[in-house]
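See below for the structure under consideration.
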Amino acid sequence: MSENNLQNHSRRKIISRIMTLLTAACTFFAIGILLLIISYIAVRGVSSLSLQFLIDTPKPVGEGGGIGNAILGSAIMTALAALIGLPLGIGAGIYLAEFGNGWFGKITRFVADTLIGVPSIIIGIFVYTLVVLPMGRQSGLAGGIALALIMIPIVARTTEEMIRLVPNSMREGALALGAPQWRVTMNIVLPAASTGIATGAMLAIARITGETAPLLFTALNSRFYNGYLDQPMASLTVQIFNYATGPFEVEHAMAWAATLILVGLILLINITVRFLTRKKF
Amino acid sequence: MFNKIFFKKNLISLFILSVAVIGSACSGQPMGQQSGGGGSAASGGSLRLQGSGASFPKPIYEKWVSEYGKINPNVKIDYQSTGSGAGQKAALAKTADFGASDDPMSDEDLKSAGGELLHIPTVLGAVVLTYNLPEVKEPLKLSGETIADVYLGNIKKWNDERIKKDNPNLNLPDADILPVYRADSSGTSAVFTDFLAKTVPAWKEKVGMNKQPSWITGVGVGAKGNDGVMGQVKQTPNSIGYVELTFAKANSLPTARVKNKTGAFVEATLESVSAAAATAQMPEDLRVQITNADGAGAYPISSYTYILVYKDQSDAAKGKALADFLWWATHDGEKFTQDLHYAPLPPEVVVKVEAKINSMTASGKTLRQ
Amino acid sequence: MSQTGTIGDKLFRSVLLIAAASILVIVAAILYMMVQNSLPTIERFGVGFLTGREWKPAQEEFGALPFIYGTLASSIIALVLSIPISLGVAIYMVEQAPKKLARPIAFLIELLAAIPSVVYGLWGIFVLAPFIRDYLGVFLQDYFGWLPFFQGRLTGIGMLTGGIILALMITPIITSVVRDVLEAVPTTQREAALALGATEWETTRIVLGNAASGIAGAVVLGLGRAIGETMAITMVIGNSAQISISLFEPANTIASLLASNFAEATDKIYMSALIEIGLVLFLVTFVVNALAKLLILKVASGTNSAKHA
């Protein structure tokens, strides 16, 4: 009986060991995939990267060309999206954190969470009918609005979570001194949560920088450097998509190089944010 | 790291700014509506023209706008290849200054347009069957029936008797054929299916002629644009696809010789495409299909490709720039055709094109004198 | 003081309310636009739209079933592949890894989620598709070729490639939610189990059991993401509107159909059909995400209500 028990015990131990190894294997597999993808991007991207490539505009196949206008376009549309999306998102987040315990807050929070999961191609179609058709053309403005719509719920939810992390004692202290709520929120709660909110904002910006689907019908693409919001605008992601699906090897090489820039930028934002906030999490 | 006071003060100004941006976006809408796709003519100094559509002429259009930009730095023309269907839609919905399509628009669509749309042929091209069979060195010979059978799913292997019959000397592999077709609405598909519908009754019945035909379920894969089909063929051994000649040439992939009306297997070249155009009668509105043309030397899957413009332009400056560009393209621009494996317009067609371009107006005034 | 205070508070609150309401307005506007624009096909085809197998825009015949099938099948493949790996990673991070390792691992997994969709597509076309065509697919056909899933032409482009790419993309999402859920399970439960003589794995199983609904929520969240994924899948799935049991055959998903065909729908009925299928996608992802949220909330409120105090 007791021998049996002992045997059973060692068997259980072995199973436990095996499962630990398996979970570790899963982890190394997932990280391995990440490293594999990144190393492909790095190796293939570096070989066709040059300063000229970073400032040129697209040219007919075989004549070189670059992604300068695509970088500019992505930057403009991301900035526009941030300009619209950050205030609305942060505002909504503050509301949810400070006044969001009623039915309206609950519904809004729920809808925001589900809106985050709505496919971005749907946002693209929405903005096409909302902005492109009335304006009579695709434009950087439409692209920026589409990206902003994706950004708002993400920023709102991270802002809310960050504000909720601020200890209640800070609020109560100020309120007890007779300060109106808006001053308490603006002068005490927001500054305390600002690092977290900024982090959320940066991550949302990184996320929309990589979006392609909502730009296909809204910003389209362009061959030129273009600072005008009422014109079609190039973006890194749409350019990568076009180059990648085409037949030309020179364009494939440019797709990898453009990807290196895009992924480099996004990873840089992620790593910076992580570095700056490592104490908090 | 993140200035707290800065943050606080700017939160308010960000609100105001965003309201301003949204406000200006809204006020911009009625403005764009009035000008009907034109928008403001000059966005700061230089003129911009936006075109979109067919991917069949993409290489030559990209070359043209690049070369034209060198001569006329003040006119910036943007061409995005989105497919002929999207080109027709852009013309109809007026989301571009010009559309492009290989397939002439239907009478019905032309009627629904907000104004008279002109078809300006620009160049001639060939839809070729290109394939990825590294071990086959000599060009394949294919008849309309064989091509139809491959795309109908009746021929599944490369060493099928029906392919071997026309290619007795080729060492065809015992491999599954992967036909690649266009998933988007495509003028190239229209030309391709037009040829097959004319030559193979079963095709006409089952698939028909269309920009977006009813592909047989389970046969092949779809790809977007000439680029997409070519990319797919290049990536996948034992595949076959149909693209404009220049795409196959630029990728050093072989093209099949296709059996024409006289029974000859003809290679797609500048000459064989021109020969096909020579036999066709050009109607007054310039909308014409030249597949399965007469003549021993004619390549049977040839086509004109068109730029679609409104006869009456809403913006005089842009209209003038567009007319000038079309004139340049169909004259000086034709010299770039050879390197890119397109055929130039026949001289008698150029004369008709000139008349069309000269008929373009803006608020009643002709644009070119 | 109290005067400026109440006015200021009211103003402050209304400005924030507008911002919060914008989220509701966006969702309502999307819903309105999509329903409005899909009325022509809803009226003309009714439920037949969802069950029809033929998608022939030229003949004005619109059956969305192949796209619905492709969307579900590719998502299910993604889940089947992703669930064990995600659970493994999350368990390793929370239950087994040394504390010093857990954080960098979590960060690396998060980076996997930060890579844009189009980049997965690029990698899929040039690395994964040839790998499946030349190695994995050949292997599967050699050893499992008797299964209908692995029969037919091997091209590297198709359902399996799409499913694998989706699996890579949803793994970090499922992992991070499962990690949060596991962390929310009180340490006392683990201590109790260990004290009763359970092995590490048995303890983990108890923890997993208590976190079950949260884990289900994480999986559903991953499903929602897979269903709506667009760019990567459109680049590798082959864009063919067919229903095939073989995983090597090309297929198409709703999102991919929209990406490649929305720009060209000239006539009203075609446009309406595309927007209706988009509406289906919108509603499905909305419901799936809502369900995920409810499942995850259940765990959060059940085991750790103090988290968001």
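The chains carry the letters A, B and C, assigned in the order they are written, with residues numbered from 1 in each.
Just so we're on the same page, a residue touches a chain if its C-beta (ideal position, glycine included) is under 8 Å from a C-beta of that chain, and two chains touch if they have at least 3 such contacts.
All values derive from a computational prediction rather than experimental measurement.
With centres defined by CA atoms alone, the chain at the far end from chain C is B. Interface comparison, A-C against B-C: more C-beta pairs in contact at A-C.
Note: centroid distance chain B to chain C, computed from Cα atoms, is 36 Å.
The distance from the centre of chain A to the centre of chain C, with each centre set as the mean of the Cα atoms, comes to 16 Å. Within chain C, contacts with two or more other chains are made by residues 15, 125, 263. Counting only residues that touch two or more partner chains, chain A has 87-88, 90-91, 186, 245. Annotation for chain B: residues touching 2 or more other chains are 15, 82, 223-224, 231.
Against chain C, in their complex, chain A makes its touches with residues 12-13, 15-16, 19-20, 22-27, 29-31, 33-34, 37, 40-41, 87-92, 94-96, 98-100, 104-105, 107-108, 110-126, 128-130, 149, 152-153, 156, 161, 164, 168, 178-183, 185-186, 206-207, 209-213, 216-217, 237, 240-241, 244-245, 252, 255-256, 259, 262-263, 266-267, 270, 274. Of all residues in chain A, those touching chain B in their complex are 59-63, 80, 83-84, 86-88, 90-91, 131-138, 141, 145, 186-187, 190-191, 194-195, 197-198, 220-224, 228, 230-232, 242, 245-249, 276. By the touch criterion stated above, chain B contacts chain C in their complex at residues 15, 82-83, 85-86, 88-89, 92, 109, 176, 178, 183-185, 208, 210-215, 217-218, 220-224, 231-232, 235-237, 239. Residue ranges of chain C in contact with chain B, taken from their complex: 15, 53-54, 56-59, 66, 125, 129-130, 133, 153, 155-158, 238-244, 249-250, 252, 260-261, 263-266. On chain B, the positions that touch chain A within their shared complex are 1-2, 4-5, 7-8, 11, 14-15, 17-18, 21-22, 25, 28-30, 32-33, 35-40, 43-44, 48, 50, 52, 59, 62-63, 65-66, 76, 78-80, 82, 93-96, 223-225, 227-228, 230-231, 233-234, 247, 250-251.
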